[in-house]
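Same chain, two partners: chain A is paired with chain B first, then with chain C.
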Partner chain A sequence: MSGQKREKDLNIFEKLYIPEIAKGMALTLRNMFRPNVTLQYPEERFEPSASYRGRPVLVQENNGIERCVACGLCSRVCPALAIEVQASETELEKERYPVKFEINMLRCIFCGFCEEVCPEEAIVMSKDYELVFKNRNDAIFGKEKLLVPVEKLKDRLEFLRKFK
Partner chain B sequence: MNIWEIIIISLIKILIVVVLLLLSVAYMVYFERKISAWVQNRVGPNRVGWLGLLQPFADVFKLLLKEDIVPDAANKPLHTLAPFIALFVSFATYAVIPIGPPIELFGYKINLVVADVNIGVLYVFALTSLGVYGITFAGWSSGSKYSLLGGIRSSAQMISYEVSMGFSIAGVLLMSQSLSPMKIVESQYGWMWNAIIQPIGFITFVVSAFAETNRLPFDLPEAEPELVGGYHTEYSSFKFAGFFLAEYANMIIACGMIVTLYLGGWQVPYIDKLGLSITLTTIIQIAAFLVKMGALLFFFIWVRWSIPRFRYDQLMNLGWKVMFPLALANLIWVAVLIMIFNL
Partner chain C sequence: MPTFTVDGKQIEFKQGQTIIEAARFAGIEIPHFCWHPSLSISGNCRICLVEIEKMPKLAISCSTYATEGMVVHTHSQKTVEARNAVMEFILINHPLDCPICDEAGECKLQEYAYDNGKGESRFEEIKNRKEKRVQLGPRIKFDGERCISCSRCIRFSEEIAKKNQLTFVQRGDKVTITTFPGESFDNPYTLNTTDICPVGALTNQDFRFKSRVWEMSKTDSVCVGCSRGCNTEVWVRNNEILRLTPRYNEDVNNYWMCDKGRLETFKNVNAGNRIDGTYIRREGQLQKVSWSEALNVTAKSLKDYKSNEIAFIGSAYATCEDNYSFVKFAKSLGVSNLDYANHILQGDQDDILIREDKAPNSLGAELVGVQPGVSGMNISAILKGIKEGKIKALYVMEEDIVSFSEEWEQVISKLDLLIVHATNENKTTALADIVFPASTFAEKYGTYVNFQGRVQRIRPAVATEEMDRAIDGMEMSRWDKFGTEFDRWKQGHKFDSKPSWKIFMALSQILGFKMKFNMAEEIFSEIASSNSAFKGLDYDVVGNHGTQLKIKQTANA
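And then the complex of A and B:
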């Protein structure tokens, strides 16, 4: 305020501030006539690109069986300790499958490490960003909520093949 | 006219003005939100009613339903009194602002002003300087440091800017030689608007009006980043709504005063040369008053969403070292004009 040396002294014209104020006002006036960027949320929804990391889901093959082989890597790598996997044996070719696969959505931080580490491309991040639950128990998503048909995840799987 | 007729006519006028003022305050809030949204490339309220036009009523309803919290440390009588002072002052001032020329209705000659007092301008300034009590009481009685700081800032600011405001008005009074708003409007016939004759006075008055109504860039009494909410930090429910209403009503009155004193009130230049009927002329003149006011109100909102807040020392410097000398210079300018042209 006082005593400090200024980097640049203003001339009288600049000290009036009036041209600068007029410039600012012109800017806001111009913006009033620009198109707005708002999405009317419940009616219009944001369609994320393939690179969007939404809710992690398990890929369900066309025969109705999950890709997951219950190796437990996702659960090991998860920094928030959100994933719990319990493996069991199966007659199918993949020999192992998860009896229980739970993601605690209150813990999940959407980092995508589980997807990155998965050797089978069985867990991927979806475009789903609307996560609502009324109590803590509802926030633990079991297999019935996590399994998503492979067609719905094509975008993300292609993206992973390109960039992972 | 006997006394009963005068009372009934006055009551009708008061009713109309109060209803119009309340409605316009409600829609000022709406337009404040809409224009701020447009400036920021947003949409603004659009859910309640068509284009969100019922939003103000939803807001008021919500405020009515809220719990009224009074802090333990508050001085309760003053804490309750403060919003009423603010509201009373801002609504009472509107009584002397004329919105149109005198009209003939059902055989009565009616002035389109609630009270055509011959000291109208003085009355407005007496009341608006009382308005600072509402804010100071609110700040002091809340028992909170933020409220107190807001109240102190507000009183200092309003007292400082009242000086330059008063001196800018002196120029107008010299021109019209009357304190009556009706006479002041009539003296601005044709293009003889005070804003054109004394532009410096107009600018100082508008800037002071911004400061008096606590609008950005002079909204230091309620600077959110520093003082939480300023003097109304500790207010909730309808007492808060009182301050809110008073603030917007003050803004409308400030605009009404600017139009009356500087922009020719309801005068439209050269309208009597068009040869229109008296009724049509009157309607156009009333519309002109409203349009001028609307444009000024838009300007107030536009400035708020464009210009950042002043620092406190800048505010005081501007008030005492710039606005006050400018207002004095304007007074001399008007005096010289009158001396030369014998206006």
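And then the complex of A and C:
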């Protein structure tokens, strides 16, 4: 340290620190009268914005059928190998549907790659962030837990159309 | 040899070779849809256009003969532009349905679109609608919209399957493929068209939507449907075989295999009636027991009989290694009543691939010595011997003898002891006293000798309980590599079975015979050193495409 010189020595006011303390107190005071940001979870819940990446879900159309065609791209792109898809044939025009669609929520890292790669906008990240399981098996979500009606996902679908 | 130049590289060619052939031989791949090395030249897809110096226009390399001093450019600006334009034309009416198309991942059109396509379409009109999901034949579905009219399937059925069943109808952008009136696309080789179809227009009904191709591992193997021994690839996901595809071998099956071999030879591997663990008959019922118990009981009960009261029946379905250790074990017991059964289906043969002999290894079984020893009985004598009460104990390896004839069925109850190695439950296991679970062709290393006398290797594609994919050098898919015991996609059932030779090894150890092999490869080396037909061979020499054995060919071996 001996060879180095300070760029600038503090002057007398700065050495006193009093103005700095006053500045800090002013900030504290100002914030005392601002609205409270702490949420009283679980009575109060956080409502995420459309850009939030909660647990991935499958979009269910109004006629009760999933959009998914079981192409397996989400499963392939998933860096954590959380998704397993088994396709089968259907009489519907889309020809193919997932007879089994499972996401292992213990593996999922909420990266959103599955949503990004999906050619049908069939898998999207929801706002659901409350995930609790008691054992490994409960953490594997099948179609019954993954399917969410399209109305509930409007926010995210709109967001995707704008920014994806 | 005359030479010509491709992309600045001097290439040798044979007189009469086309540019695409000669280039391919030298390792330069020119894009192609309609051209196939084993089919006639059609020249309708135009993707193989190349620039040839001193020619006024681009030429298709599949039907232009290479000539001395020719200078060909496959990556010049003109060529690439033409290729992109052809891709654009083909993609005009091709639906963008890769997500639901089974071919995705092994689709030529997809690959070339990625390599040569523009990435976007200028076509704003409505795409052509054609018939989808047409049942062309009992095993094939056809999607008219995906078809790019390369005519490979038409040429295949005409030239290779020798059945004129498919044709183009309509003209221009309405052109589509159909069967002739009143015909069904049902020849024994139809499924090869799903392999050669460069897009997903023809799909295998059996495999349809079962799995994406990138999720499976593929293992080089040999078809066990008949004595042709077509080279195959076994596609496995979650320890279950999902499909077989032919593998190129010029000397055996070229690019093809028959539908029967493709569909029916692998279904037993994951079937519900697999023998899973060892069984012993107690109080009239087969009961599951531990391996050590079954082996000890077997060893003890075999010692109760004189060697001339025992007969051994090997199998033309088992590998050379299994049969060799089987013979060695029988001889250690002093048994000379030793034979195997032929499985010849008279008349079920053609001059394409299918053979009368329905077992993959008849010649191999014979060569490694599954035949009666000095003054030993052959199979009909064994049958007679059982009838007369001379044979009291029968040891059967991987063979369903009871299903041979009613005579066998009646006679078998006269035996005191029937020991069976079997892969699946059958009539013989239902009557057996001791049943050992044998591994199928897809669960072990080994070799088969086909009717030509060509020895070919099989490799395990499905793991049994005693195997580990990584340690045993098996092919692994991404799922196999990264899965844990908690992942449902890796919990495919592993059967508790062993290759027959391992069972003989364990028995010899108990009985104190001098026979010790740790790997199938060691057995093969011993065969190679003791049998003149196999001289100088080992697994590396046999390799992926097999080796012709030095044996005299009989007229109808």
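Some observations on this one:
Here, the second predicted complex is superposed on the first by the 158 of 164 C-alpha atoms of A that agree within 3 Å, B and C clash if a C-alpha of one lies under 4 Å from a C-alpha of the other, contacts with A are read in each partner's own complex, and residues count from 1 in each chain.
As a working rule, a residue touches a chain if its C-beta (ideal position, glycine included) is under 8 Å from a C-beta of that chain, and two chains touch if they have at least 3 such contacts.
Just so it is clear, the structure is predicted and the values come from calculations on it, not from any experiment.
When both complexes are overlaid on chain A, chain B and chain C end up sitting side by side without clashing.
By the document's definition of touching, neither partner reaches A:53: not chain B, not chain C. By the touch criterion defined above, A:81 reaches chain C but does not reach chain B. Contacts of A:24 after superposition: chain B is touched, whereas chain C is not reached. In the superposition on chain A, A:34 contacts chain B only, with no contact to chain C.
Judged by the touch definition given at the top, the superposed model places A:120 against chain C, while chain B stays out of reach. Between chain B and chain C, C touches the greater number of residues of chain A.
Of the two partner chains placed around the shared chain by superposition, neither chain B nor chain C is touched by A:145. Taken over all C-alpha pairs, chain B and chain C come no nearer than 36 Å in the superposed arrangement.
On chain A, the patch touched by chain B and the patch touched by chain C do not overlap at any residue.
The touching residues of chain A, when paired with chain B in their complex, are 1, 21, 24-25, 27-29, 31-32, 34-38, 40. Interface residues of chain A, counted against chain C in their complex, comprise 69-73, 75-76, 81, 84, 87-89, 94-96, 102, 104, 119-120, 136, 140. Listing the residues of chain B that touch chain A in their complex gives 35, 37-43, 46, 302-303, 305-307, 313.
Across the complex, chain A is touched by residues 98-100, 104, 132-133, 208-212, 214-215, 478-479, 482-483, 486-489 of chain C.
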